[in-house]
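Residue numbering begins at 1 within each chain, and the chains themselves are lettered A, B, C, D and E in the order written.
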Amino acid sequence: MDHVLTWMTFLPLLGAAVVLCLPSRSPRLIKRVAFAATLPTFALGVRLFAAFDRATTAYQYVDRVPWIASYAIDYFVGVDGISITMVLLTALLCPLCVLASFGIDKGVKGYFALFLMLETGMLGVFVALDFFLFYVFWEVMLLPMYFLIGVWGGPRREYAAIKFFLYTFAGSVLMLIAMLVLYFGATPHTFAIPELAPGGAAFDPRTQHLLWLALFVAFAIKIPAFPFHTWLPDAHVEAPTAISVILAGVLLKMGTYGILRINYGILPAATFDLAFWALAALGTFNIVYGALCALAQSDLKRLVAYSSISHMGYVMLGMAAFTPQGLNGAVLQMFNHGTITAMLFLLVGVIYDRAHHRDIAGFGGLAAPMPVYTAITGLAFFAAMGLPGLSAFISEVLVLLGSWRAHPRLTIVAASAIVLTAGYLLWTLQRVWLGRLDERYAGLPDVGAGELATLLPLAAIVLVLGVYPHAVLDLIGASLGHLNELVRAGAAAGPALR
Amino acid sequence: MDPIAVTMLRWIPLLPLAGAVVNGLFGKAIQRRAGKGAVAAIAVAPVVAAFAVSVAVFLRLLGLDPERRLLLDVVWRWLAVGSLRVDVAFLADPLATTLLLVVTGIGGLIHLYSTAYMRDDDAYWRYFAYLNLFTFAMLVLVLADNLLLMFVGWEGVGFCSWALIGFWWREPVNTGAGNKAFIVNRIGDTGFVLGVFALFWALDAAGHGTLVFRDLQRHAASLDGRVLLGVPAATLVTLLLFVGATGKSAQIPLHVWLPDAMQGPTPVSALIHAATMVTAGVYMIARLHFLYALAPATLAVIAGVGAATALGAATIGLVQNDIKRVLAYSTVSQLGYMFLALGVGAWTAGVFHLVTHAFFKACLFLGAGSVIHALDHEQDMRQMGGLRTALPVTFSTFLVAALALGGMPLTAGFFSKDEILWHAWSSPYGSALLWGVGVVGAALTAGYVGRQVLLVFFGASRVEARRAAQVRESPPAMTGPLVVLAAGALLIGFLGVPESLGGANPFAAWLSPVFASEHVDAAHAAEAAHDARLEWMLMAVSVAMAAAGAGVAYLIYRRPAGSADALAAIAGGAPYRLLLNKYWVDEIYWAIFGRGTFALARAGAWLDARIIDGIVDGSAAVTRAIARLEGGFDARVVDGVVNGLAAATYALGGRLRRLQTGHINAYLYVVVGAVALVLIARLF
Amino acid sequence: MPGVPLEHVLFVGLVLFALGLYTVLTRRNAIGILMGIELLLNAANIDYVAFARYSGTPTDGQIFAIFVIMLAAAEAAVGLAIVLGIYRNFESIDVDATHSLRH
Amino acid sequence: MSSSAALFYVFAAFTIVCAAGVAFSRNIVHSAFALLGALFGVAAIYVFLAADFVAGAQFLIYIGGILVLILFAVMLTHRIADVAVSNRAAGRPAALAVVGAAAWILGRAIVATRWPVAAALSDAPTTHAIGDGFLGPYVLPFELASFVLLAVLVGAIVVSRKELRG
Amino acid sequence: MDLGNAASVAYSAPELILIGAAIGIVAADPVVRAKEQLGAAALLACAAALIAAIGIRLPFSERWLVQGLLRGGEGWLWSRMVVVDGFAVFFKLVFALAAFATVWMSLGSAEVQDSGEEGEYYALVLAATVGLFYMAAAANLLMAYLALELVSLTSYVLTGYRRHDRRAGEAALKYLIYGGVASAVMVYGMSWLYGLAGSFQYRAIHDALAHGAAAPLTVFVAVVLVLAGFGFKIAAVPFHMWAPDVYEGAPIPVTAFLSVGSKAAGFAILIRLFYPGLSEPGAGGAWTTLAGLDWPTLMLVVSMATMTLGNLGALGQRNLKRLLAYSSIAHAGYLLMGFVVLDDAGLRAMLFYVVTYYLMNFGAFAVVMVVANATGREDMDGYRGLAWRGGAVPAVAMAIFLFSLAGIPPLAGFVGKFYLFAAVVEQRFYVLALVGFANTLVALYYYLRIVRTMFLDRPRGDEGVVALDAHNAFLLYFLAVPTIGLGLYWAPVMALAERSVRFFLG
């Protein structure tokens, strides 16, 4: 499997090029080609999953070629347990999203070409081990995303797209400064993340903290953490279904992934110092705040968007615990949230395609005409609630268990929010799917084969990971253990600014 | 004592799960093609088989030395992260096996009963899928060898409860009740998981981080002297876990969901909301009795909550008119007795009452179901009366179970309840007050159940005319289980006849390997033996009180209305309204927590939309404003002139004609001024 | 030129410079500003010639001054050509505009 | 003070007065004539600074060329506008302040500096040396200047030619 | 190496080619009827000058960057009037490319074609390019002034080229007055430098100031006055105000030429005076200012003010040319970031940025021209739904150029900004870096506004159809492909920039 990561990353781009060469007047062909273009990456992902060495903490499948030698910029990719999880998630969601986009009927060629570019960008972020490369992919991803929201989105798409772009860009400029400072602080100058880590010790504590915060804000915008989160509801609501799936399923993970990869890896001492306020307390606040906001929403998609904010809070809380359980739970939660929230958005898309609105109050009793749809929705909702036996339960329990050790009081608050989560989800379930049927929707067809094809794989994963979480935990365990030791060692060595 | 490794235990939960999966995925098709009988068979057979396996387990245990009665079935490694290691593993000891038999046995009967009761429902397959799934979850709860797996069952039964309460989902009141049940349970569950976390880390700090029951028991002592969040660790852990128990077992203050849960089909009420699920809290505390033994403060709280619930719910039960609601409050009340027992360290008594209660309460509910079935879903007792002739089997079994509930001597309820009352008096954690509350509760219990029997089965019929004609006894699939359960309600008590009454108390002996090691029970038992006379006396008092309660009920409800109305009018009707409205707890909760949460939610959404986004949009606006200010110069001077307005065009023409340069002077001012400024700045 | 210190000559230049600046700032007429520019250039030229004179090697400075004069001429030529161009191309248009406004 | 020095101050004063006329006159025609005077004065100062060739260039190019151009333009302006264009009074105090400040600092700088002054100054005519310079070290600027003039010639024609069509 | 006049002729091939071509075109104008041939000749001349500037790369030679026949290295030409060194050659390449693109654009510009004076137009462009070449090479105040004036005078004329357009006349006049004042102030400042040093040579000025008899204030005053002239050329605040009017009034190819060529030349002349002239090279590429001459602080403020006011000014614009004018002001501010850090890394970054800026800014103006050709519109509404009414290629190209201007990878502009910010961060100018970053954010907003208009808005139907002919399409590809390519692999260009930060000091 030579250069497997490179192939995985750039095959979609190749697909985009092919798509661009196809004639615009045959949209069906374009859609099929686009779908086919996502499959090799997925297949390679499966092979990677099988062949990945779960015992080592080293980066695997590394490709490293000097890119700009004079500035020590390399094309440097590789995966460890943390990133492979995200790579697999991306490789899995993308074919499903292409399937979910088959209903696109305007600018088909542009849509699918941009989507494939987006996939390359996302995979690139997760495989990049050179900070510069990471930054490039991080930004590259913005462009297709901007157009995908802006051109194919809902009524307020322009506002949402520009807001998304500006927010993320604002964060990434901070990242760029921090990246440069780190680069110049390293001897010899390097952008290679493994070599930068844990080079933060070269700076005085104050600088470390500032660097950490700069990076943190960049990533927090993506998570998105309060108060940098308001782009998310708008972007989600306006984006087409598949793009919402990608946004919530993959893009949000980049924030927490970045914190783990960059903040934890390179600035362990500062991580330890600042984790309580920046991650644990803020994460807890996110959990509660997101859940409360979700409770107040009247738009189904907006509700799901806020639930994402709430659920990503668990990731932050878990990361801040510096316990194996917390960290493992956090990364597992990233994966699980990716699959569950993808389901949720797909489900919202299903009903939007039929009813052309998403107003919760305008529905009722959908279980009657659409029983299968309702069953899957129930599964997804209860998975989002963290019902035992489903995947999110494991990750949330691990997160909360892990964080109790470090922050028991915050854990109490965070755990209490599961009541709110149950509240808004059940209430929504009751208002939209149960109860008396609105006659307007009596004739709605149940989910079709195409929609099932996108939903069932995710449902299967949600179920399997609930009973056998080690499918993912085995992947991430070694790397996270290593990272945890790194942070603790860095915290022990590095002077804290307190 | 190492457990004996087996592989049979896994089949007990797996069989119902298989039933649930088959019916859940294919039930609709099966029902359409092969009829409801096939669906019923798919649902009932696994439970019966599970019961058979349970019996086998029971016999296997019986065949072992009491000290070695421990079977373990490790299925697979579930979670191993850091020092946390929990498996999907099932453990059968006498305690679990007791519950196992109750769940599969009574569960099986209720499945059977349901095949007839639900015959007319189109969603037959869905009902049985849920019921099987519930059985699976309950069995996981019972058999779990660790707290986390127990929690899987714990929440799993909650989910099934939600699904079954809202089974008829077209009515918002049903789904609302389901949601209420789930959310209130979740409050308890939060406490439960927090307790689990606290426990794990408290032990981990001593190097024994575990959630496996056997290891917990081994290392529980290391909790001693440890303090968490300013509270002794054992107390904190047990209190948090008890919060979970109050949710699941509907104890004050989380009791509010259970009466509403009666919106579900009646067999569900019998199985979930009487016999099994609601006793999970009791089971959990009994399972972890070694922790509770370390926390006297928690025990006091449990006893207090139990006693208060026992009394409070009984008072409400007195005035309810819905046949199922009376039973629901009765259940809450009886669960209170169980907690009272646990609170005074009488583990065996608590579990014994759990078992007997399962029989007679399931019987009562199923009987009520039979009545409702006969009356075409009429549930208001004021619309019943005189049914004893029309429904003879139902009446007789209901009466037996009612006697057991009322604690009439020699019924199952008598033995178990008096065991509890005795311990409430005599235990080192007990007190006369607790006993007194229990006895008053016993009187009230006899009162409300007497009232119920009288209202439903005696007196003149108040059944609506259109229903009266169709009243007939239920089919054998329903009466059969009633008979079995009634027999149990009558006989099961003899398993636990205390020594003081001359019994061998085989039940206590059976459970003794589980509880014997704990000093509370052991010391207490030794002490109790000394004072058989006192026990007799107390028993007499409580029986007398119960008889009095029943008597009063007879006096009042012998004839319809009249005296009952007079009673209701006492003190201007205020006490009656208070009880009828369940002390307005629901209303108070809603006002505080419900409205509070929604207000917070609205505030959060407002903050988000107005303030946070406002700041974002605002800063953009400020930037634009600055830009305008800066560009204002430009805009006024240049844009207005250059950018093609007709008047401006003319002005431009004129200006050009006179070779006027517009505001280039201003530009030059800026240049010269800036240079001068720089120079001045340099100078100073 | 004995008796006149360099600084005095420079001050003459400075005064011309200041007056040139003032002219440039206050004239609203393009030709007026061009006249101001000529003053500025002359101020510079006085300096060049003065420095050349007092440095003892006068050629360089004087050559610079000649270039300045030459470029000033070029600039004036271009400037006045632009003025002329505007005049020639807009006279008629303005008449039309005026005419149309009368209706 | 030698007579030549005195004469310098006279011419300097004349130049400054004329320049002030350029700056402060309300009538642009008056300004133009004041500029003429100022240019003369500067030429005279060149003479006093032993820069006879520069003075000659000043006469020929400035007074003969530039000023005529300017006067031509002024006349043109008048013919079009039919009014004497005056300065706007509002800008004046500000301009005075700004220019005054700048001049004040420049003056301080002039005073503060010890300008390098050669010990012996030659009064020899420089015309010959300038000629040598143009064809010697300054040949590139010289040639380039001619190219500049060519370009300006072409350019002036381009912008001032009457529209060919339309 | 110090060549006299006669010997220098052989090494002035690029300039001579341009001068000859300019004169030739003027001479041929009356007899050539097909004016495109004149344009083609000008195009050829630019290409020839480019090749001549690169020189002939000998297969076995170590030295691959030589000018004309001058393979021996760097040195003085024309009796120390100009130098030839890596720095000068680098800029000459950029200017030749800029002129090339300008002529190419002009050939496809409706504003320039069929005006009847294309011959003179091309000649003037070439003449201005000669001025640019000498601006980069001038090592002498006189040459700097002369070259600058040559550029200015031709630019005034080119700005007023569309003399039937009101805006053009006004713009030309404004430009002339503004430029005249600025250069007059500069000349006055130069006189002081001359007075202090007794020479026009930068090197001599440097030595005289380094051994400093002069009061620091006087040097500072002189430098600030000179800056007025240079700052005018790069359109830095506070000398920037002419730019929007002039850019708007000038024909679009000329606007592009001014915004890139003229600005780059301003930077070349600025760097050569301030670095080898007024600073001292040290070890490891670091520079130190001459004592008492704290121009970096001044330029730091200028840089921040320039980018901020430029970007803020652009925010409210609805005319694309004006918007791009403000944007190019802001870019001068970004470029100045590399200027103030007193390090070779900063200069290198500036040089690299000039190349990327050339590509993306020319590209953006080329698209503006394509749209203006088809619809006659330059306002934002004229771009509504451009991608959906036949203008997909220009719209995509415009998006590429704008995103590049905004500094988003993987486009050339990002790399350029990256190096600038890297230089700033390396020297720990964190405030400057933060201001710079805040500015890129503001800039992104208005660039995105255009992208949004082109892609996200739907045409209303009154905007007209935009068709792209092969000539202009090729121009867009010519600029867009390297814009992407340089974003992916820029090592050779960076190496070139790195080698080009070499000043011949004699």
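Everything that follows uses one rule, which is that a contact is a pair of C-beta atoms (placed from the backbone, for glycine too) under 8 Å apart; a residue touches a chain by one contact, two chains touch by 3 or more.
On a predicted model such as this, the values are computed, not experimentally measured, just so you know.
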Any chain that touches chain B and chain A: E
Least step count from chain C to chain D, where 1 means the two chains touch: 1
Most distant chain from chain B by Cα centroid: D
Top chain pair, ranked by number of contacting C-beta pairs: C-D
Chain nearest the overall C-alpha centroid of the shown protein atoms: A
Distance between the centres, which are taken as Cα means, of chain E and chain C, whole angstrom: 27
Mean-CA-position distance for chain D and chain A (Å): 71
Inter-chain centre distance, chain B versus chain D - centres from mean C-alpha coordinates, in Å: 100
Inter-centroid spacing, chain E versus chain A (mean Cα positions, whole Å): 43
Multi-partner residues of chain D (at least 2 other chains): 73, 77, 80, 85, 91, 94-95, 98-99, 102, 105-106, 108, 110, 115-116, 138, 141, 145, 148, 152, 155-157, 159-161, 163
Set of chain B residues in contact with two or more other chains: 649, 653, 656-661, 664-665, 668-669, 672-673, 675, 679, 683
Multi-partner residues of chain C (each touching 2 or more other chains): 10, 17, 20-21, 24-31, 33-34, 36, 45, 50-51, 55, 57, 60, 63, 67, 71, 74, 78, 81-83, 85-87, 89-91
Every chain pair in contact, whichever chains are involved: A-B, A-E, B-C, B-D, B-E, C-D, C-E, D-E
In the complex with chain C, residue positions of chain B that touch it: 649-650, 653-654, 656-661, 664-665, 668-669, 672
Chain E - residues contacting chain A, complex: 403, 408-410, 414, 418, 421-422, 425-426, 430, 433-434, 437-438, 440-441, 444-445, 448-449, 451-452, 455-457, 489-491, 494-495, 498
Complex interface listing, chain D residues touching chain C: 1-2, 4-5, 8-9, 12, 15-16, 19-20, 22-23, 28, 31-32, 35, 38-39, 42, 45-46, 48-51, 53-54, 57-58, 61-62, 65-66, 69-70, 72-74, 76-77, 80, 85, 87-88, 91-92, 94-96, 98-100, 102-103, 106-107, 110-111, 115-122, 126, 129-130, 132-134, 138, 141, 145, 148-149, 152-153, 155-157, 159-163
Touching residues on chain E, where the partner in the complex is chain D: 5, 8, 19, 22-23, 26, 77-82, 116-117, 120-121, 123-124, 127, 130, 134, 142-143, 146-147, 149-150, 153-154, 156-158, 160-161, 163-164, 172, 192, 195-196, 198, 213-215, 217-218, 221
Contact footprint of chain B on chain E as seen in their complex: 166-167, 169-170, 173-174, 177-178, 181-182, 185, 217, 220-221, 224-225, 228, 237-239, 241-242, 244-245, 248, 298, 309, 312-313, 315-317, 319, 322, 442, 445
